[in-house]
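Both of the next two complexes hold chain A, though its partner changes from chain B to chain C.
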Partner chain A sequence: MEKTYRRTDVMYLPALFLFAVFVIFPFFEGIRISFTNWNGFSQKFSYVGFSNFKRLALDENVRIAFTNTLIYGFGSTFFQQILGLSYALLLNMKFASRMVARTIIYLPVLISAVIMGYMWYYLVQYDGALNEIVVALGGSKQMWLGSRVSAVGTITTINVLQFVGVSMIIYLAGLQGIPGMYYEAAEIDGAGAWQRFVHITVPMLYPAFVTSITVNLIGGLKLFDAIMALTGGGPGYASHSLATLINSTYFGSQMAGYAAAIGLLLFVSILVFTVLLQLVFKKREVQY
Partner chain B sequence: MKRMAFLVAAGFLSAALVFASGSSEGTAPAKKGPVSITVAINPPPTEGSFKVMEEIAKAYNDSHPGVTVQVVNYARYEDTMKTKMAANDLPDLFATHGWSVMRYSEYLTPLNDQSWFSKINPTIKPVITDKNGKVFVLPFDMDVAGVAFNADVLKAAGVDYKTIKTWDDFKAACAKVKAIGKIPVHIGGNPKDDWTVGNFYDWTAPSYLITNDKANFRSQLKDGTFDWNNWAPVAKMLVDFRDAGYLNPDYTQGTWEDVGKKLGAGDVAFALYGNYVIGEAKRFNPAGHFGFMPVPAASKDDTPTLITGERITLGVWKDSPVKAEALKFLEFCAQPENVNKMATINGNPTGLVGPGYSSDLGDLAPYFKYVEGVRGFGYFDREYLPSGMWDSMCKTGTGLLSNTMTLDQAIAKMRNDYNSLRGK
Partner chain C sequence: MKKSRSRLVANVFLSLVALAIAAIHVVPLWITVTNSLKTRSDLSSNWTLPKRLVWDNFTKALDVGNLPRAFYNTIIITLVTTLFVVLIGAMAAYPLARNKSQRNTLVKTFVLSIMMIPALSLLVPLYVLLVRVRGISTLWGIIPVHITFNLPLAIFLYANFIGTIPKDLDEAAIIDGCSVFRVFDRIVLPLLKPVTVSVIILTAVAVWNDYQFSVYFLQKPISRVVTLAIASFFGITGSDPNVAAAAALMAILPVTVLYLILQKYFVKGMVDSAVK
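And now, the complex of A and B:
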């Protein structure tokens, strides 16, 4: 048995090596760079202490990006849970084409976020299909990505629609794990549909809630591809998330040190939100 | 035995994962054989200048068996080049798009000893020479840029470009163009193409800040004492154009392709770009009539000017494993037929002068004649701003256009980035 465990440990080595090279090392290197004035491409730079972090605290564009990040994360997650649970409840019923419906709703998850972003871009651009519909209905062309509200709203909507399938699958699995006898017993006791949902379905789905919210929240907070495909973070700095602002600061403004500092802010934010989430959603599995 | 097999399998897997992810780009061939040279340039493959570079490479390959020159373009050229510089792993030759001295010189080999060095056009030479007198690129052509226009639209609107000397004259012309239902100026404006807005600033800022010999901020911009409140008239001009209806109606979503397409189609009168925009317009309408005029002055006590600078330039990576061969290819590029071909496709004068060097300026010849003697100034952001502020110009410009930034916020951003990039 001991020999088997040692052989198994050896098989972890490639994964550990890759993890060290592509996650651990860049993480500590990023911390180091955040204390420099490196421009991202020169072989020369200097250490500048905490000046990047002082600047970060006062930078209005970082505040805008941080707010947008919260909208992309929490806003998307909120609507994904409502829609995802609704789809799961509907598609958990027995009807002829439910497998087809499940596949159609889940398919966008498999598409690259960049491709999804570009597909939607050609729909919502000024001369795109959406404005053609608006004009056909008697309205005038709109710049759907031309202001902060419309740009952030459009990006959030597209993110919700693309990844709602993830929530649906998680909730479907949760629903199918609820023993039918609880519903039968509740029906016998005279409980209505809403009472059965509130007192049986919701408590039993608690682990699924935690998983779905955690997965979607982290994905939303890290949103990058769709933003780059739709707006590039603009107009101006209006639709940047912290992730895209890091990209813009590094490559556009040539301030790699400052970009690394923003990266640390993103890391700490996601860590804090994830830990808070775990504390709020303490495991309360319902045992019958 | 089984334990040994496991160890071997784990070791092989680790090695395979490490070496399979590598790229041999830029490494020297292990033994003598065909030489491969990579040339990276910034114009996309759809542009004429890329196609010309491919033709030059093909001609070289045909006449030099054993050497293969490959021309490539990166989708995000500047970002990719910055990553490659950080890794010190660059193409053998690459275009520097205006930044041969300020950004790329650390990685380029000086070319003062090349046979074509003495033929460099005196107009472009100061722009590509560093403070130690070193030149790092071969200039195929040079930007002699003003405000491009569709001559047919101006004629229909009753505008004579020769009467436009100041921005007030320009606005009056825009009003006439607008009156006939055409778009006076196509600015692009899409945040994903925000360089189109940065370009507007590169064209307009000099007239307010540097061209007037009697009142300018040339030294303040260079020594770091510039008061950024003086940026306000430049930024406000963009907003004024928008509010007057002189810009394309989709001014926050218009793309670079739209500029050429609509200029070519006769929907737009003016475009504030180099003459390469005329090349783009002609792709959509080869029979159209296009021209360019000097950039107007901000006031009557100044004169219109031109914008000069690098256009298509090639340098050699100083650590290229095939540097000798790369220099030979560069020598081939410097031949009159190749320089002329590139300059002609861009509608620009040649970057080298002397017997045999001349570009066919075609329909633009009368306009080049008209601007003879007009003062030229280098690209504003390249000469007067630290590297990295081009992005600030682009972003604050789109921010103002979309009302997601106020004038004060735009000025503050420019000031903060200027100070930060200067190390303050």
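And now, the complex of A and C:
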């Protein structure tokens, strides 16, 4: 039987072919390009050694984009867990509007992030819906995307509100997997609501925490669409993530070699953070 | 008596809290709706509908942005990509689930690690590759890229699912003289329906909503997809924001309607993909 199954190995060749052409080959090609001063379209270019990487280390815009990437990634993840878990705990209770609320909160997840970004434009522009509220409350109009702090904060908030449904669904699935008898037994033993939450819900949700945090962190570190829609990286270079900086370096500044180097930085950072995260989770897993 | 009353109060209170939260999440959609139904000269509040609803913005959006063409392109790309992801993905998963040799474990790990690669980090070389084969601004150029980056998740979901189908089923048929490929075709494939629904939804939504690849690989107006068409409404200075709002609403309508009808499957797909 083993032999029979071995013959089926040919069935993954089409997939491996695609990975070779569109992942492996570009990956090494990217490394090669990152050692050149190619501008992205001309036939001529030369190898410039490590100068793109030296430049990368000193570039103020890269430093800003890198920090922003971390804020988008970890900031979004943090707030998505808090909101997502709260929503899940609320909507796991039985009451009339729970299904309607779940449906609505999850809906934005399925809307293109770039279109969602544009829809937010009607809220955050100077004469937008948010400033109407601010004025009605007696404040003065704000520039919601006018500075680095406000732009990065606004974009992170928008990302959180759009994708919090993902965490909510993961936590809801986790909550529904906890056997009711655990709570009943704890209640008989005299455990209060808070004790039940800390000693049953939180440990039992551990796999859900791992999943939700990993998914959100990878999504946040790759953030691209919302930034492109709302600021295009501006004002100046203030709200760029590494992903959008690659775009503007390649197509705006026409420095393909340098853009490929920034691409490698993005690749390595996501790799490092996901691996570190898995290590943290593995370590903690032993305790339960 | 008293208990049922306090339960009713709790029910009403929790319902109101949940609806208030839902309302916050619906705000961007609502503000887009109010804007899409007003003329540009209407300077009333973003929060309120106009006294007379203006539907012109929707017809204008269809004309100006060449939305029908964009919808056509998006539908073709989404359909073809999804079809190939299902076929190549299910095929690739079968040996990975059934023949657990050392080499296949390695292949599986490799497929998993591809899921972590941010596609944008490969932007420059991928763009160069497509330029070289004249695939820029063509549908056949972007489709293989979409297939490739949606395959790992599909392979993974299929491999996990096939792993839960008892091997006895395959082996009984093989002993009866059925070739192993026929077994896959006749016995395994039909059993994959539930997971295929998830794969279709996950792939189709990802491709339908894609912006990061489309913005580079589909530069000519003729090859534009919906997300690019919408971006062009907002990108041009002086373009009518109310028409843009109408365009954005039309762009999100198909996925929204499908989600409301097939909600159960959308949520299942998400849970499947997350709980790897």
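The rule is simple: the second predicted complex is superposed on the first by the 266 of 288 C-alpha atoms of A that agree within 3 Å, B and C clash if a C-alpha of one lies under 4 Å from a C-alpha of the other, contacts with A are read in each partner's own complex, and residues count from 1 in each chain.
Note that a residue touches a chain if its C-beta (ideal position, glycine included) is under 8 Å from a C-beta of that chain, and two chains touch if they have at least 3 such contacts.
The structure presented is a predicted model; accordingly, all values stated were derived computationally and were not measured.
*Asks:* Give one of first, second, both or neither to describe whether A:Ser42 is in contact with chain B, with chain C, with both, or with none.
*Replies:* After superposing on A, A:Ser42 lies in contact with chain B but is clear of chain C.
*Asks:* Using the touch criterion from the header, give the chain among chain B and chain C with more contacted residues in chain A.
*Replies:* It is C that touches the greater number of chain A residues.
*Asks:* Contact-wise, after the overlay, does A:Tyr237 reach chain B, chain C, both or neither (first, second, both, neither)?
*Replies:* After superposition on chain A, A:Tyr237 lies in contact with chain B alone.
*Asks:* Identify the partner contact of A:Gly252: answer first if only chain B is touched, second if only chain C is, both if each is, neither if none is.
*Replies:* In the superposition, A:Gly252 touches chain B alone.
*Asks:* With both complexes overlaid on chain A, does A:Leu18 touch chain B (first), chain C (second), both or neither?
*Replies:* A:Leu18 sits against chain B and chain C alike.
*Asks:* If we overlay the two complexes on their shared chain A, which of chain B and chain C does A:Leu276 touch? Say first, second, both or neither.
*Replies:* Touch status of A:Leu276: no partner.
*Asks:* Does chain B (first) or chain C (second) touch A:Leu266, or do both, or does neither?
*Replies:* A:Leu266 sits against chain C, while chain B stays out of touch.
*Asks:* Is A:Phe27 touching anything from chain B or chain C once the two structures are fitted on A? First, second, both or neither.
*Replies:* So A:Phe27 only meets chain C here.
*Asks:* Taking the superposition as given, does A:Ser147 touch the first partner, chain B, the second, chain C, both, or neither?
*Replies:* first
*Asks:* For chain A, which residues belong to both interfaces, chain B and chain C?
*Replies:* 6-7, 10-11, 14, 18, 40, 251
*Asks:* Which residues, counting only chain C, touch chain A once they are in their complex?
*Replies:* Touch residues, chain C against chain A: 10-12, 14-19, 21-22, 24-29, 31-32, 35, 45-47, 88-89, 91-92, 94-96, 98-99, 101, 103-104, 107, 110-111, 114, 116-118, 120-129, 144-145, 147-149, 151, 155, 171, 174, 180-181, 184, 205, 208-212, 215-216, 226-227, 230-231, 233-234, 241, 244-245, 248, 251-252, 255-256, 259-260, 263, 266-267, 270-271, 274-276.
*Asks:* Within the complex, which stretch of chain B touches chain A?
*Replies:* 2-3, 6-7, 9-10, 13-14, 17-18, 76, 78-79, 81-83, 85-86, 88, 103, 106, 190-192, 194, 249-250, 252-254, 387-389, 391-392, 394-396, 398-405, 409, 413, 416-417, 420-421, 423
*Asks:* Using the touch definition up top, name the residues of chain A that touch chain C in the complex.
*Replies:* 1-2, 4-12, 14-16, 18-19, 21-23, 25-27, 29-30, 33, 40, 87, 90-91, 93, 95-98, 100-101, 103-116, 118-123, 128-129, 132, 161, 166, 169-170, 173, 207, 211-212, 215, 218, 221-222, 224-225, 228-229, 243, 246-247, 250-251, 256, 259-260, 263-264, 266-267, 270-271, 274
*Asks:* Which chain A residues qualify as touching chain B in the complex?
*Replies:* Residue positions touching the partner: 3, 6-7, 10-11, 13-14, 17-18, 37, 39-43, 55, 59-61, 125-127, 141, 143, 145-148, 231-239, 248, 251-255, 258.
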